[in-house]
Structure formats: C-alpha cells, structure tokens
Amino acid sequence: MADYILETKNLGISFGGLKAAQDVNIRIKKNQIYGLIGPNGAGKTTIFNMLTGVYKPTTGTFYLDGEELCGLAQDKINHKGIARTFQNIRLFNNMTVVRNVMVALHNQPEYKCSVWESFFRLPRHFKVEKEMRAKAKELLRIFDLEEERNNLACNLPYGKQRKLEIARALATNPKLLLLDEPAAGMNPHETEDLEKTIRSIRDQFDMTILLIEHDMKFVAGLCDEVTVLNFGTVLAEGETRKALKDPEVIRAYIGG
Amino acid sequence: MELVLSTLVNSLSLGGIYAMIALGYTMVYGIAKMLNFAHGDIIMVGAYAIYVFMALNNPILAILLSVLFCLLLGITIERVAYRPLRGASPLAVLITAIGVSYLLQSLAQIVFGSASKMVTVYEFGAIKIFGVTLQVSTLVTMAVAIVVMIALTLFVKLTRTGRAMIAVSEDRGAAQLMGINVNRIITITFAIGSSLAALAGLFYLLKAPSVSSTLGAMPGIKAFTAAVIGGIGSIPGAMLGGLLLGFVECVATKITAIAPYTDAIEFSILIIILLVRPTGFLGKKRREKV
Amino acid sequence: MNALKNIRWRHYINYIVIGIFTLVFAIITLTGGRLDSSLLFMLEKVAISIVLAVSLSIVVGFLGELSLGHAGFMCVGAYIGGKVAAVLEPSLGNTALNVLVCLVIGGVVAALCGVIIGIPALRLRGDYLAIVTLAFGEIVRSLFQNSSDESFGGTIGLETPRYTKQYLFIIAFLMVLLTLLVVQNFIRSKHGRAVTAIRDNEIAARASGINVTKYKLLAFTISAFFAGIAGVLYSFSNYRVQSANFGYNYSIEILVMVVLGGMGNINGAIISAALITYLDSKLATVLTGDLAVLQNLIYALILIVIVIYNNAPGLKNFRDRYNLTVLLKKIFKHKEDPARRTDDAAKWDVVPTKIEMNEILSIDVKPQDLSSDKPTKGGDK
C-alpha cells in the first residue's frame, strides 16, 4: 500500500512551444477529496487529460497506488483505476440511461463473456447481461436515476446528465475519481446537493476524488486539500483554506 | 532526354489539373468542414456544358458559360442538399454528398445517354521544343493552372473575403461573432470550387476530346487523394499534392510493368500517407478538445 | 432453463419468418416439387443482398463509420470462394461440403482484409476513413482485374463450378439465418454495446475503459466476413466472377439499402435489401437501354431525401410530427401500454426519438441519502 493513491512527479506537457503544464506535483491520500483550481487556461483539464491518457505527458510521470501508469492507453488507465467525468458532458446520447452505465461495467471481471459466447448466445451471455443490468440499476438507484433508466440519455435534464456521468464513471470501479467542473451550470441549490452527493460517494464507495472547480465556496466547503495552478505551474498547495488565502493565489485570481 | 522532358511536361499539366480540382476539395473541406463528394462530378457537368454551349460555335463563350453554369450548380447543391444538414452528424452530410454525386452522374446519363460525346473545343496542334514534340494544349493547361493557383492564393491572402474565409476555416463560431456572414462565405467557397472544377472539365476535354457521365468520378477521387496528401485545408498543400500525384501517374503509366496498376498505386500512396501522416505534408494538426 | 426464459421471442421474429420461409421452399424442392429457376435466382439475389446490407450495417449503423468498400470485401470473397471451388471440384465434386469449405475460406480471407482495412480505421475517422475504404475497394478490383488468366482470369473473370440451383438456394438462406443470428446477437451483447458506445462518443467510450482498437477492428472484421460470404454465394449463383461487377456503384447500392432501412436498424436493412433487390430486377425488365439509369437516379434521390429528413436539425419538429411510428399509430389506433415497457432491451433496434411518457412518470422525487436532485417541476422540498 503506497502512501498516496495518486502521486504525480514533475508532470508536464507542451504543445508546440506552449508549456500547458509543467512540474506539477500532486499527492493525494486515500479517501481525500482534493481540489484542482486555478483561473481559466491554467492547465487543469490538461492535467486531467494526462492522468487519463488522452495526452501523453512530455515530462514527468504519475503513479496510482504506487503503480506507474504514465504512457498507458486511455482504456488501460481506466482498467487500472482512474475514472473521470468531462467538463462538457459526454454521455452516450443515443443509448438509454441504464445502457450508459452498462457500457462502463464492460471490463469488470465478474461480467466476462467472450465474443463467441455472445455470437451464439451461450448461457453465460444471458447470465452476464442479467447481472450487469442489475448492477447498473443498483448504481442508478443510488443516484436516484432508476426511474429514468429507459430514457435516452440525451433526454435527461442537465443536472441528471451530470449525475449519470458520475454514475457511469463509478461503474468502472475506480480507485480515483476525477470530476471536471461537476458544479458548472448548476444553481446554488443544486450545488449544495452535489456537495452532499460527492461526500457520500466518498463514504459509500470508499473513494478518493480529485475535482476541478471554479466555485470557490464549493471548493472551500468540500475539499480537504487543493492545488492551485496558474499558467501551467503550481502556485500553491495544501490545506484548502490556507491555500486559498495565499496572497499569490489571490493575486492570480483577482489579477494585478 | 525526350522521354524525360515530355514526362515532365505531361506530369506538370496533369498535376495542374489535379491541383485545381484538389483546391475545390480542400477549400470546401477547410471552410464547410465537409467532404464534397460531388465535386468530381462537377468536372463532368462542366465538360458536358461545354459540349452543349459549343453549339454557339464560340469556344471562349462556351467556356465562360460552362464555368458560370457550374458555379450556379455548386451554389444550388450547397443550398439545397448541404445547408439543411449543417450541424448534423458528419456521416449524414457525407452520405448526402455521395447521393448528390450519384444524382449528377445518373442525370447526365439520362440527358446525354450512356455513350460518350465527342467535343473538340479547339485544335492547338503540337510544337517542337528542344527537338521534343509537345502538345500545345498541355502547355496551355499548365500555364492556366499556374495562373489560377497564383490568383487564388492572392485572393485568399489579400482580399477581405479571402481573409474572412480563413477566419471561418479557423473557427466558424468566432468568425460569426466577428460579424462574418458564414453562409455567404460558404456559398462563395462552393462557387470558387465549382468554377475550378469546370475549368478542370475543360482541360480534360483538351486532353481527350470526349465526355461521359463518369468523366469526373476517378479524377475527383484522385484529386481528393491529392488534397489529402498535401494536407487538407491547405491551399499550397493541394497544389503540392496535385503535382505529386500527377507526376506519379505519368511515370507509372510510362512503365509497362506497373502501368495497369496505376490507380492501385495512387490509392496505396493515399492509404500509406494517411496512416503515416494523417495531416498530409502541409496540413495542420487539430486536436479534438476533451 | 433459466437461459431459455430470458430469450425475448420477438427479437427472433425475423429468423423465424425467414426460417419458416426457407423450410417451406426446402421441403418443396427436396420432395421433388419444381421451382421456377428464375424465381430461385431472384431469391438467391435477395439472400445475398440481405447478407450484404446486414453486414454493412454493423459498420455504418452501429460503429458509425462509413465504408465505401463493401463491394471490395465481397469481391475478395467471390474470387477466393470461386477459386477454392474450382480447385476442390476434382476431389470434392459438386457437394455441399465443397460449398461449405468455400464459404468458410472466402469469408475468412475477406475478414482478414477487414482487419487490414480496420487498421486505418483506428487512426482515421469519418471522411478520411470513407475514402480509404473506397480506395481499398478500387485496389482490390484493380488487382483482380489485372490478374493473370490462369490465376483469377483477369478481365474475363473467373468461372465457377455449377451447382444445382435448389441446393444453392437453401445454402443461401441458411447463410442469411447465420448472418442474422450472429450479427443481431453481437449487437445486443455487451460487445455490441461497446461498439455503439464508440459511435455515440468515442472519447467517453475510451474513458469508460472500452478498448476502442479492439472493437473497431472487430466490427470491420465481422462486417467483412459476411460480405465475403455474400461474395462466395454470388460467385456460385452467377457461375462467373468479374471484377467489374464489384465497383464503387455496388458499394453505394448496399449503402442505399442500409440508409433506407434506417441506420442502426437491422430489420429495416433486411426489408429494404429485399425490396431494392426485387425492384432492381423488376425495373431492369421495364427500364431498358438508357432508361436503366433512372434506377440510379432513384437511389440517389432516396439517399438524399432520407438522410436530410432523418438528420436535418431544422426538420426536427417536422420529423416528430410526421414519421412512420406516428403514421402506424394513427392507422392502428395503437395505444401505448406503460406496463409493457418492461426493460430497455425491447427499445433497442429502433432508436426512439422521444420518450415523454417516462419523464412524466418520474416527477415524484424520493429523497434518499444520495439524492441531490432538486424537484424541478414544482416539487415539495
């Protein structure tokens, strides 16, 4: 058991000459809710993209639970235990809600079923399908989406789409959950609910969560620790309230 | 020596034609973000238009009318078939474009019959340069292609409309916010592309004076290949790709052993280039935003 | 036994219909009854078209990529199958075993080509991939066209052994059944779901742990395999394989079948494949000479009109008001019974455009420990 669930070492990437992120060192302990904040264009989503294999870092590396994952393909990284949501919601829009979750259950070892077994509908196919559906329903129940399970994902209201995306990410059974601006576009009431949801995800799924957010009140109320980024470099890090009071951070946000 | 020089001139001329067609593909692709599959068939329409307008007994007038006809046709196709699908999935747009291509071919066949028509636009004859006999039409093709390409480059670089085109191809949304009428720019793009295709139709007639409904299909696909090789969306890329492809084709047809496989070779080059360097030689890499 | 209970019989309606159909004809022929050979030829053509359309719909309808080289895979199957048949004839003769071996080999070789063409599919999307598949089809055709006389017959083509029409017809329909069985089962399995997920959102599919490489290749391979099978059937049905028949136009014709049937709708593809093939041969007798092109004109119009109708953003309201489902409901005064909407599996083939019923039903908000849902429609919090 490593000390940290996620540990990045000098993680950095440049596009052409632009250094979108450099020397980012983040350490997240198990069961933490960790915030990644910073002004627009600070490189927050870029870091998510590196952690999930969308981009290959040009420098540095990262470890999940002591295992180096840097350089693996996106699906492999997901198998190893990092799941994410997206800033602009990415659901399987033409599939029903329950199927959205079932797609994410695809790789769980208990639902193994070879292509040949599917071609000819051998008994295992039916068993696996039934179990997957049951598991998906269970997840949807937790997020209060069970009633909508047969709706197309694109017909869900915005807030529920966000929740479905989180449910789908959790279905891959991750060790670390990355949430990219989960509160974006939500009103204060919804944000408050989301805060509760995220906490209970941590408790109920024994989860570690890394999230990007712009809403400082939300971050201050929820995150145990934060890393503040600006222009791709770490400006401050540590316990949330302390980091937010850092004069550098205030200057970056307010300008000047 | 003779072989080298004539191959060179021929490949420059053929490459010029490909480049002109490729320009149409690449501009439409860059600006409307779609593969206008029917582009190649505009060449055929242009050639048929010349055939029809040659009844006026005036080659220059026939050429001008043909260009005008194709220009209007291009605008109409965009308006009727493609514009309703703006914002729809790329697959839908592509299938529609294939439908339009098919439609043009079968219409031509219905109107003009399946037998090919003979059209002699103008007899240029041949001249001898350094002891090598060259078709004047080849030289004319080469010259016109070069002039057109230079003119187009200047148009895009120097005029207001040209700059608006670049803006739309970079970021349609932002261009719209800056007050650029995107629909108008796309219409202009189709108009330019179709006129170039009509000219290409003329050059095909100069090369071999007959036209049938499938005249444009193969050149269309090959010119798209050229556009891809050069880097789609890039005007110099289309020229480079066109010349390169023209060269390969001319050389391949000269070597008896591989001549029957010329098409296969060109398509293989396409596949290899797409695999090794999907953005072509001069294309820009675009990252999908995650 | 439990497994049997899980089978939803209505999924298998098309097998059952085609199965019964095959059985009836098989009994007629095997008991000595005579069937018109032109009818048999027609039915073979229909069978081949169904196999082609269903196999193409894996790539176009479910993976969401455009393949313009489907006739190329078919071409490979036809030549390889025909060649194998000719080679095997002295030893195996005119037997079903010979046909079976040809089908397997033809399908497998086509499938290998599918893997090869699937490799570009990993790096390219949309328009580029469409062009690559088109290029592939042309390359294949050109290679066979320029083959030597003793290998594949060059431009003259390859002659294949003549089998008794009756048997051939039964084999063709068995192949239709096999194709439907495998393709539908695949699409409705977790693997098919992964393929559909890639179509809907490739980035999200990757992030959900789907091995996109594997599933794209798989989709192309299955699709090519059955196209190859169709090719083998074609070569037996026509006694001769000529590369000129597998051009780009044929690929388009198959595409028209898939689009007309509704992309991602296998039953639709079957119906439109049968319909178009039938009309094709009927029209061929009516429209002769230059008029034969009218048929292509009709295809072209079908493609354009259907795609615009189904996809134009501006026509959404029109679509919701005037579509086949609404029309059928009006005709049959069909009332939707909410209790019958059991699970989502039934809704699989036809992608529903609008499900309002459930939205209305799900207003009641149950406060649970994890509920972060705020009552949006006048709730009581």
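Note that the chains are named A, B and C in the order they appear, and that numbering of residues resets to 1 at the start of each chain.
Keep in mind that, in the parts below, a contact is a pair of C-beta atoms (placed from the backbone, for glycine too) under 8 Å apart; a residue touches a chain by one contact, two chains touch by 3 or more.
Nothing here was measured: the structure is a model prediction, and the numbers come from that model.
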Sort the other chains by how far their Cα centres are from that of chain A and give me the top one.
-> B
What are the two chains with the most C-beta pairs touching?
-> A-C
Nearest-to-centre chain - CA centroid comparison | C
Using CA atom averages as chain centres, what separation in Å is found between chain B and chain C?
-> 33
Which integer distance in Å separates the CA centroid of chain A from that of chain B?
-> 47
Using mean C-alpha positions as chain centres, tell me how far chain A is from chain C in Å, no decimals.
-> 37
Touching two or more other chains, which residues of chain C qualify?
-> 203
Where does chain B touch two or more other chains at once, residue-wise?
-> 290
Listing for chain A: what residues touch at least two other chains?
-> 54, 86
Report the residues of chain C in contact with chain B in the complex, numbered from low to high.
-> 60, 64-66, 68, 119-120, 123-124, 126-128, 130-132, 134-136, 138-139, 142-143, 145-146, 203, 248, 252, 255, 259, 290-291, 293-294, 296-297, 299-304, 307-308, 310-315
Complex contacts: residues of chain A adjacent to chain C | 52-54, 73-75, 78-79, 83-84, 86, 90-96, 98-99, 102-104, 106-107, 111, 113, 115, 118-121, 123, 125-130, 132-133, 142-144, 147-152, 155, 157, 159-160, 163, 168-169, 171-172, 189-190, 193-194, 196-197, 200-201, 204
What does chain B use to touch chain C in their complex?
-> 29, 34-35, 81, 84-92, 94-96, 98-100, 102-103, 105-107, 109-110, 113-114, 217, 221, 224-225, 228, 260-261, 263-264, 267-268, 270-271, 274-275, 278, 288, 290
Taking the complex as given, what residues does chain C use to touch chain A?
-> 2-3, 6-7, 181-182, 185-186, 189-194, 196-197, 199-201, 203-212, 218, 341, 343-344, 347, 351-352, 354-355, 358-359, 361-362, 365-366, 368-374, 376
